[in-house]
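Multiple structures are listed underneath, in structure tokens.
Shared between the two complexes below is subunit A, which pairs with subunit B and subunit C, respectively.
== the complex of A and B ==
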């Protein structure tokens, strides 16, 4: 049977010859054994030293960021891919009795089943079975949760237009994702929903933290694409070891213990440990570079790393030194109605406080100019009947951060509806009871 | 039915504004374009009444439109500014000489006084001569560093209060991307400022086009039939920045608001507490603002004058290392009698003739073959010359 293993195999193929032909080079650590891998600027490592080095980086990142306390429960987010598979193996080894310094937490695995948004892809069930087998093999307790359960987080139902008699949640989530107009918005929306679901579900299942398998390679791509998406304010939370208190409203925090290792190292580790992975095609698979900001950034970073290898580490180290600006309280002139973005749950960055001229303010001014509203209040009073819906829209916009607002602009029908309901929910949760009453009237 | 302008809702739309995606007619485009720049100038307090403002004019589209718009707005809204054109002649035959002609025409068209400063006069080197020394690679380092200082020097000699440059939104976004790729957090923070110069002695630079798309500037210049010069610098291809630029253009094609989104990202980032940042000081040699003991222009110029053009191109840490080596090796006195060779005959071409570099001279070899130095040929030469001259 022909089995697709995706990108991993390609990388492996390119590694195999280097294992055999790199015979001349010795390990820089022990200076005895033959090296098998070159790690960035650190030099060549033999199998044994690489293992130590790799495991050390994982353990060191946990040591530097002592978030997980003894006896706590950690859920590993498993996607079937190589990063999260390696993470499971690392945790498994760290918890085993012959580990040098045994990890002191309990672990479980969460797999998010996104098959409902890919109804046309064949063989999903087989792949899901494979994943299940892998999770059983790991020996950890595991949970398979469906992406549509994210709708339960906020108890949201949306109407879908397809006219089917029964509107299941799986159809709703399909509608929400696919009613986005661009792949950029779809990918962004899916990522945010997945984080939301993981945090929520893990807490429901009694876990204290979630481990994500994002490596420095992935993070370098994420950093740049987040900047391009206007998410600079949240960069520290989106790419740091911990996402801080971002998800505390709905669940536990998300941690990135693999952020100091590269994907290359992960693949090597998986090869040495014969870690199995399952490849799931997603929205970005087989799409061109120009199909979305995320895809473009990925190919840009990989192309750049090929020519300038240090770019990857430079970019992700840059992110270690960055945080969002501080808004001067009181001075902040805000157009937002909530403190947190209702989609990505980050702190709102649409205040225009620090300097009077800002990109946000400028964009707003340009939009006002182009609507021809400046100096003529005639427009707004003309469509008095539509006032309520405009108000709803402006409230939705008021509860989204800069970047999520850009995403929202590229959505329609169901996705817009979902975002509007999220907005109402977050306003309700907040103190602004008044606004929420207004909004309910509108609906 | 033709698409109507969304502002006047009367005339036929001529172009879609890249920032907002709305169709506008020609007149409304001019109006919106000028309004936005006026808005930026007002909200950011870029100018004060009565100030003398030098417009950095290269003859290219950005500076030509800047000169035109500033003059227009100055008259329309009565800013009370005293505007000048300030040009730098890098001495690039086939590029700058032609573009300077454009600036000279602009001077007459807009009736603004013009001052031209050349690298030759300021530094004794034209870019053509520098490229002969350094080659095609890395020459942008010289040009960029020298121009920055040249503008300031020119502005000082004119006695202006501010320098306005034509940096547009694309440039700012590109710089943000570049600084992330290079891990330069200090500049990452500085590059988003619309008005530079916390330093009281320096002349503040303002970017009235910070939120203006390059595309719109081109469109404005095109429709207004402004006289500008549009050729790439003949030495331009700079591999790394080129990548960033191409990436940005692709991003813009996918989502046109990206450029302003990146600027938003840049404005919203700050450096974490406890991160070591370079402190800005004054150059010990020329007194210009610098992150190091000696400013980049002085280092580069010294390298050129000593026939070592690669000094200072590359990592700052390496330059510092070289400077440190100088101090260390000052105590090293070569017993070889031909020391003179190094002292006097500052090698312009191949310095391998110096007998001090042969194995006979143990002191030298011991000093310079330290394992930390990889780049032997050039670094050795550099160091020998550094040792024996009063560089910096």
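== the complex of A and C ==
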């Protein structure tokens, strides 16, 4: 069995798919035309059949999850990348008169301009112009919103200590993101802020839903990295077709209509349809695999997919089976008494904050150990010895879920300040709600 | 004998090639035919400007970078063993988050 040159070699050889014989293979669907794409291990599709297959998958996921009603307005979140560009094209085709079953909603595009957090990258303005041209070409109404507008969602101002006379919102958001100590925390914070902004802005602009371009490949990465980040509790909302009631406090829901197609299929679709994309460098650009949990998970998943294409579907189908925490419908009390994380807006998973056996308690324990080793002088110099900040901090920590708390622990000054203000805001909102309810009861 | 090939780097992969997306190159190949495996070696030595590990892994492209030959998936053409013909258009598209 273990011989290097044994009989097993022959068996092994026959197990490895004979790739070279793939040249000029016929389409498995129509058995006539020459295939142009391999899906999974054996699915060879020709141009026509692939097109049908791809559009069908998009329409089927829309059909299975009838969230968007006739006549509603949907905002497509566009990043310039291939996924969202394909999504725009699919919606455009679905709305055109020659579509088989015409989609019955109105669409618009929202582009989040994140250039203020990448001031050192040249050519951003040219790229923004390119994106604008693409959005004009699409024929849909479009809106360009700046990432810093997320501060307006909760009307938050933070102090920054850069010595500049004027502190603009764009500088604030730059500080918030870049005061995080690790790339993991930066990427996580940016993702949460972006979702917040999209949901809020779309509602303000009169939309009922937001379409995200996340594909099954992206979701497979997100599922695994979210579990690694301690976000398992919110997995259904983070990776399902809809995020449910998660953003109801600030805006509309986020939907993922591309969750049944892979990124490879998207790229092929774009190539066939000559869909143009604009690549914006981001925090993961030119970073090594090991730079953050998200990047490491991504290379892990892609590495597996290269050898075993079905890994992707196996991972993401798992998320279909996971059910999130659901509110009892018609029971308003359940919603009002449920606590939400002030950053990611997910249902709180740290109820047992007093319990010594919770993951949260462990987080504190390891923090105390670290502080003990480093000496308390470090902590006091960072804090500037403010008593009020300690109080603020405990308030913040009470209103963050486990994962956001872990993220918060990897941030410094500005980001901590932002999170604290978010927390205060949510506590105030909670109080207001309680008062309103009591009033309602009395009346 | 030289072979003219059109190379495209998209989806962020162009960042490793001096921000240039389209390259028309002519490769000296001698008597034998040139396959993608050899092309990758040629790219590595002549075109790639930085960070080899972000474009290649071992002797193939990094997982997450799709390769299309004249808009056809390279896994249908024998991947690394595909023999390149005159004026073939080979596209490398990064599907990774950071390009």
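To be clear about the criterion, the second predicted complex is superposed on the first by the 353 of 443 C-alpha atoms of A that agree within 3 Å, B and C clash if a C-alpha of one lies under 4 Å from a C-alpha of the other, contacts with A are read in each partner's own complex, and residues count from 1 in each chain.
Everything below uses one rule, namely that a residue touches a chain if its C-beta (ideal position, glycine included) is under 8 Å from a C-beta of that chain, and two chains touch if they have at least 3 such contacts.
Just so it is clear, the structure is predicted and the values come from calculations on it, not from any experiment.
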First (subunit B), second (subunit C), both or neither touched by A:282: second
First (subunit B), second (subunit C), both or neither touched by A:32: neither
Partner chain in contact with A:226 - subunit B first, subunit C second, else both or neither: first
Touching partner for A:403 - first (subunit B), second (subunit C), both, neither: first
Partner chain in contact with A:318 - subunit B first, subunit C second, else both or neither: first
Contacts of A:245 with subunit B and subunit C, given as first, second, both or neither: neither
Subunit B versus subunit C, judged by how many residues of subunit A each one touches: B
Partner chain in contact with A:133 - subunit B first, subunit C second, else both or neither: neither
First, second, both or neither for A:370, with subunit B first and subunit C second: first
Intersection of subunit A interface sets (partners subunit B, subunit C): 303
Subunit A residues within the subunit B interface of the complex: 182, 184, 223-224, 226-233, 235-236, 289-293, 296-297, 300, 303-304, 307-308, 311, 314-315, 317-318, 320-326, 349, 354-363, 365-367, 369-372, 374, 402-403, 406, 410
Subunit B - residues contacting subunit A, complex: 6-9, 17, 19-20, 22, 24, 32, 35-36, 39-40, 43-45, 176-177, 180-183, 185, 188, 194, 210-211, 239-240, 243, 247, 250-251, 253-255, 257-258, 260-272, 275
Footprint of subunit C on subunit A - complex, ascending: 19-20, 22-23, 25, 35-38, 44, 81-82, 217-218, 221, 263-264, 267-268, 271-272, 277, 279, 281-288, 294-295, 298-299, 302-303, 305-306
In the complex with subunit A, residue positions of subunit C that touch it: 10-12, 14-15, 51, 53-54, 62-64, 66, 68, 71-73, 75-79, 81-82, 91, 93, 95-99
